[in-house]
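Please go over the structures that come below.
In what comes next, subunit A is part of two complexes: it sits with subunit B in the first one and with subunit C in the second one.
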Partner chain A sequence: MTGAMQYVDEYRDGELARHLSGKIAKEVHAERQYRFMEFCGGHTHAIFRYGIADLLPPGVKLIHGPGCPVCVLPIGRIDSAIALAKNPRVILATYADMMRVPGSHFANLIRARAEGADVRMIYSAADALNIARENPAREVVFFAIGFETTTPPTALAVRQAKCDGLANFSVFCNHVLTPPALRGILDEPDAMLDGVIGPSHVSAVIGTGAYEFVAKDYGKPVVIAGFEPLDVMQAVLMLVRQVNSAHAVIENEYVRAVGAEGNMKAQALMDEVFELRESFEWRGLGWLPWSARKLKPDYAEFDAEARFGMSHHAVPEPKACECGDILRGVRSPKDCKVFGTACTPEHPIGACMVSSEGACAAYFSYGRYRAA
Partner chain B sequence: MKRRHYIRPLDIERGRIDMTHGSGGKAMAQLVEEMFVAAFDNQWLRQMNDQAAFAVRQGRMVMATDAHVVSPVFFPGGNIGSLSVHGTINDVAMSGAIPLYLSASFIIEEGFPLADLQRIIKSMAEAAREAGVPIVAGDTKVVEQGKADGIFITTTGIGRVPDGMLISGDRARPGDRIIVSGTIGDHGIAILSKRENLTFETAILSDTAALHGLVAAMTDRVPDIHCLRDPTRGGLATTLNELASQSGVGMRIRESAIPVRAEVAAACELLGIDPLYVANEGKLVAICADADADALLRAMSEHPLGQNAAIIGEVFEDEHSFVQMETAFGGMRMVDWLAGEILPRIC
Partner chain C sequence: MIDIGGVQKEISLELLDDVAVGDYVVVHVGYALSRLNEEEAQNTLALFAELDGSQE
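Entry: the complex of A and B
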């Protein structure tokens, strides 16, 4: 587009992209494959949106990871949220992406709303607090989802609610952690990864140190990268170099935002309000130990699961859906039988087809002309 | 028309619409006469019949209707009134037709301030007068508080297509060129900047405008334009997909050729939306034969509403009717239909 945006366009420059593309092509060894997983849905989105794959040599394969918050939430948790929304006392406040995620029997929050449920789309946790203040006679539940990036704002909202004595506010907490999911992926023998493009925003919160185990325990390199397309290209080049020299260390391409320790303030805030769950169910990855957060006893009064007596029921995935394998990186969207036929962004069967960060949705919306 | 005399004039400054204004009785007659007829004033309305009668010439006529529910009703660069006039004129004009008459139907919520109604009606009257298309018939209904959001306006327009002209969404052919008349996304971003939960500071104005003048200048120079469409809801991406599937062809566009204001690009970046999907109310997409493209582009550039016109891509053969884009970054990607709803009530 012709509009110029300072501080952003520099990272989307076509000239620099061609230059980097040439560098990568020169350094890859023709006889081998390089399988790199971008963990984050934000990277998946950028890769498709800018057509990055066209600028990489055929030997470099990008495998799409599970870092899409709405994609990894299991059906049972979606069902719980829909049931909660149908409680006439409840206003359910949610990020827009969650509205279309299918639960059991294709139920979703959009349909629940059409049937009379009070579901409000919000942009931040603070919006949910405002709804609670404006509706003192109603129970306002914030459907909290996401990795370490959306967790601190939820913590802040809970702390504020306690401070204000906002008794009609609670949180249905589904916040998850990046490192245990990464471990889950690396334990998957079929993924056969040569390296990982590490999260950008998540890393700004948790720091580069959080990934040391990938190099130490699994012998794989990690390059933490920003979400701009040149960041991704640069990270690929750095990973190729590590693989070629048989190195496996944690490198940071995203130095303009990420440090070794991360954002200590945000971490302290999360630790003050949340503690780890012993185990949490992930779509595709199954039950992972210490992989999600819940409210600490000090804040238990704001825990919607306790307040409404919610319990988690594991629900099996629809048979035809390959989201599980796709989230683990062992299959690609076009391997799925229902991709683009029964499962489309308008009628998603699996969650990967819902969010723009989901591998299937990105592939469908930006890349499916390749398969035709 | 003989003016009736009402005991008390409408209190436009402080008054509000109440249920009597939609009852069919005296209060409604007063509202219609003192506000609508007074502002739209023309020979057809003055007859005070339930219909407008006019003679038509032989040839092809076109008709289009458009409901307007935009929120907020007042936005930078316009309001629901001017928008409702421009929107329908543009739908008529995209056939190459000369718009002739409009009708307008109002659904107003009880409690709506008369002062706001007056502002809306005045800007409708102004837009209609500027466009040279009279509003010749109308209707007003009032619904109870909570049953509508302020005001909804539906307009219908008819127009006459010049002899021999055939502009239609199914006429794009491989080899044709795709032209857009100016910067995209201005209207959607202007609206979003005023949404209660998003408010941000921006100088962007809605591009709401009647395009029939531009269309006349274009068909004057290039009579055989294949397709015209205004990329409103769903933006440029949706319009190109509609035309591609109607014509059974593929399209390839270049991201670097698409005009986008820097402010719009920045706002989209911040909100995480793609300007290709953001609504326009004063832009059009034209598709014509390669041999006509330069002449058409020149005709557009010479018109005030087409100053930033640009050729953005080509039509090619593709049984899947995919719209593809060469990104400014150097890769290729698809430009798909809009899934779901990113910006409700944009027009």
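Entry: the complex of A and C
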């Protein structure tokens, strides 16, 4: 039996949601629009699941950001992973969300597995290490993806592999950073944002200080918010107040889990194992400088790209798919011609339809019958 | 060992120092990333319920 969840259920209270909704409605200025981007896919999911858009006045628009880790990985990197999985010496281990992300010609890891590739779904990076220990005659590659939340566990796995001399383990590293992506979004003139709802778990790792540049360089407010619906609504209220008073500072609604410095142990670990790539390709955002990590020379022996001589080829997005514009916040899923027809969670054409954190999948599951 | 709404699950505390039995933690892909501050959690709930729309 599943019981009540303390510090979760209270943040989903319907009566408080209506109360917050009333406060927001009272404070918005009728003559203006408020365009706020929720950077993180976890917020996108919460906004659709709890129907938050319906609790906001018409002048407040929530724009969905690129913070969905599987959505931002470009097709070229997926193709590389699929090619690697087809190497008969290799066991490819990855998070479940990666399995259905389409590469070129709608190939994906599920199909590769059906064709004989050894692909294993794992829950945590430590599972990949265990697979390597259990299969000493095979090469176990961890197809590692994600923002600052999944990066520290990968760092721990690499350090453990070095410590144990686990020679058949390596990492195909696709870890990316939140601040450079936010910069990429803010440099995009079409997005026209009035403020940003900052991510929950990522901020627990990098801290509120990591967002100061948004206020300083772009003059936009950020409110870091928890993942629950009332957190998101309170963050919207705080952003509305900043906009109304012409303020642009970094505020923290998620004080119960996020501090100014973040998790310094996790940060030190990332710095010990990884260094920044000069440039990395993102789906939708293109090549962003210093936006992703690779293994440091001290850990180069665990770098799958070096071990298997992998090279990155940029591959264009399928023509019909608007995933790129959706990730940049300039289009909504309903603007896409294939949304809900040719492209569904069962048969995704673009990555935004795959993960529950993707804007298209969230919109398909919870929002497609809403009036525009 | 953590309890997620009644489901027991083993997670790693390698990324956090000084976690005690009974603490609430924020968990991501099997690792605790942050400890929940219960006092702040209550303060935030009180903030939601504030009657007046005006700022402090």
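Everything that follows uses one rule, which is that the second predicted complex is superposed on the first by the 367 of 372 C-alpha atoms of A that agree within 3 Å, B and C clash if a C-alpha of one lies under 4 Å from a C-alpha of the other, contacts with A are read in each partner's own complex, and residues count from 1 in each chain.
Note that contacts are C-beta pairs under 8 Å (C-beta built on N, C-alpha and C of every residue); 3 or more make two chains touch, one makes a residue touch a chain.
Keep in mind it's a predicted model, so treat the numbers as computed, not measured.
K.L.:
So, A:Y123: does it touch subunit B (first), subunit C (second), both, or neither?
P.N.:
Both: A:Y123 reaches subunit B and subunit C.
K.L.:
So in the superposed three-chain picture, is A:N168 touching just subunit B, just subunit C, both, or none of them (first/second/both/neither)?
P.N.:
neither
K.L.:
Just subunit B (first), just subunit C (second), both, or neither: which does A:E253 touch?
P.N.:
second
K.L.:
Applying the document's definition of touch, where does A:F48 land relative to subunit B and subunit C: first, second, both, or neither?
P.N.:
A:F48 sits against subunit B, while subunit C stays out of touch.
K.L.:
Could you tell me if A:R12 is touching subunit B, subunit C, both of them or neither one (first, second, both, neither)?
P.N.:
In the superposition, A:R12 contacts subunit B only.
K.L.:
Return first, second, both or neither, reflecting whether A:G367 touches subunit B, subunit C, both chains, or no partner chain.
P.N.:
Touch partner of A:G367: subunit B, not subunit C.
K.L.:
Is A:K23 touching anything from subunit B or subunit C once the two structures are fitted on A? First, second, both or neither.
P.N.:
second
K.L.:
If you count the residues of subunit A that each partner touches, which comes out higher, subunit B or subunit C?
P.N.:
Greater contact footprint in residues on subunit A: C.
K.L.:
Across the two complexes, what residues of subunit A are contacted by subunit B and by subunit C?
P.N.:
1-5, 8, 123
K.L.:
Over in the complex, which subunit B residues touch subunit A? Could you list them?
P.N.:
Subunit B reaches subunit A through residues 183, 197-198, 255-266, 269, 275, 320, 322, 324, 326-334, 336, 339-340.
K.L.:
Using the touch definition up top, name the residues of subunit C that touch subunit A in the complex.
P.N.:
4-7, 12, 14-17, 24, 26, 28-31, 33-38, 40-41, 43-45, 47-49, 53, 55
K.L.:
Help me check something: in the complex, which residues belonging to subunit A touch subunit B?
P.N.:
Checking each residue of subunit A against subunit B gives 1-5, 8, 12-14, 17-18, 21, 48-55, 100, 122-123, 127, 229, 344-346, 361, 364-369, 372.
K.L.:
Can you name the residues of subunit A that touch subunit C in the complex?
P.N.:
Interface residues on subunit A, with respect to subunit C: 1-8, 10-11, 16, 19-20, 23, 26-27, 95, 123-126, 146, 149-150, 152-153, 156, 200-201, 204-205, 226, 230-231, 234, 241, 253, 255-258, 263, 265-266, 269.
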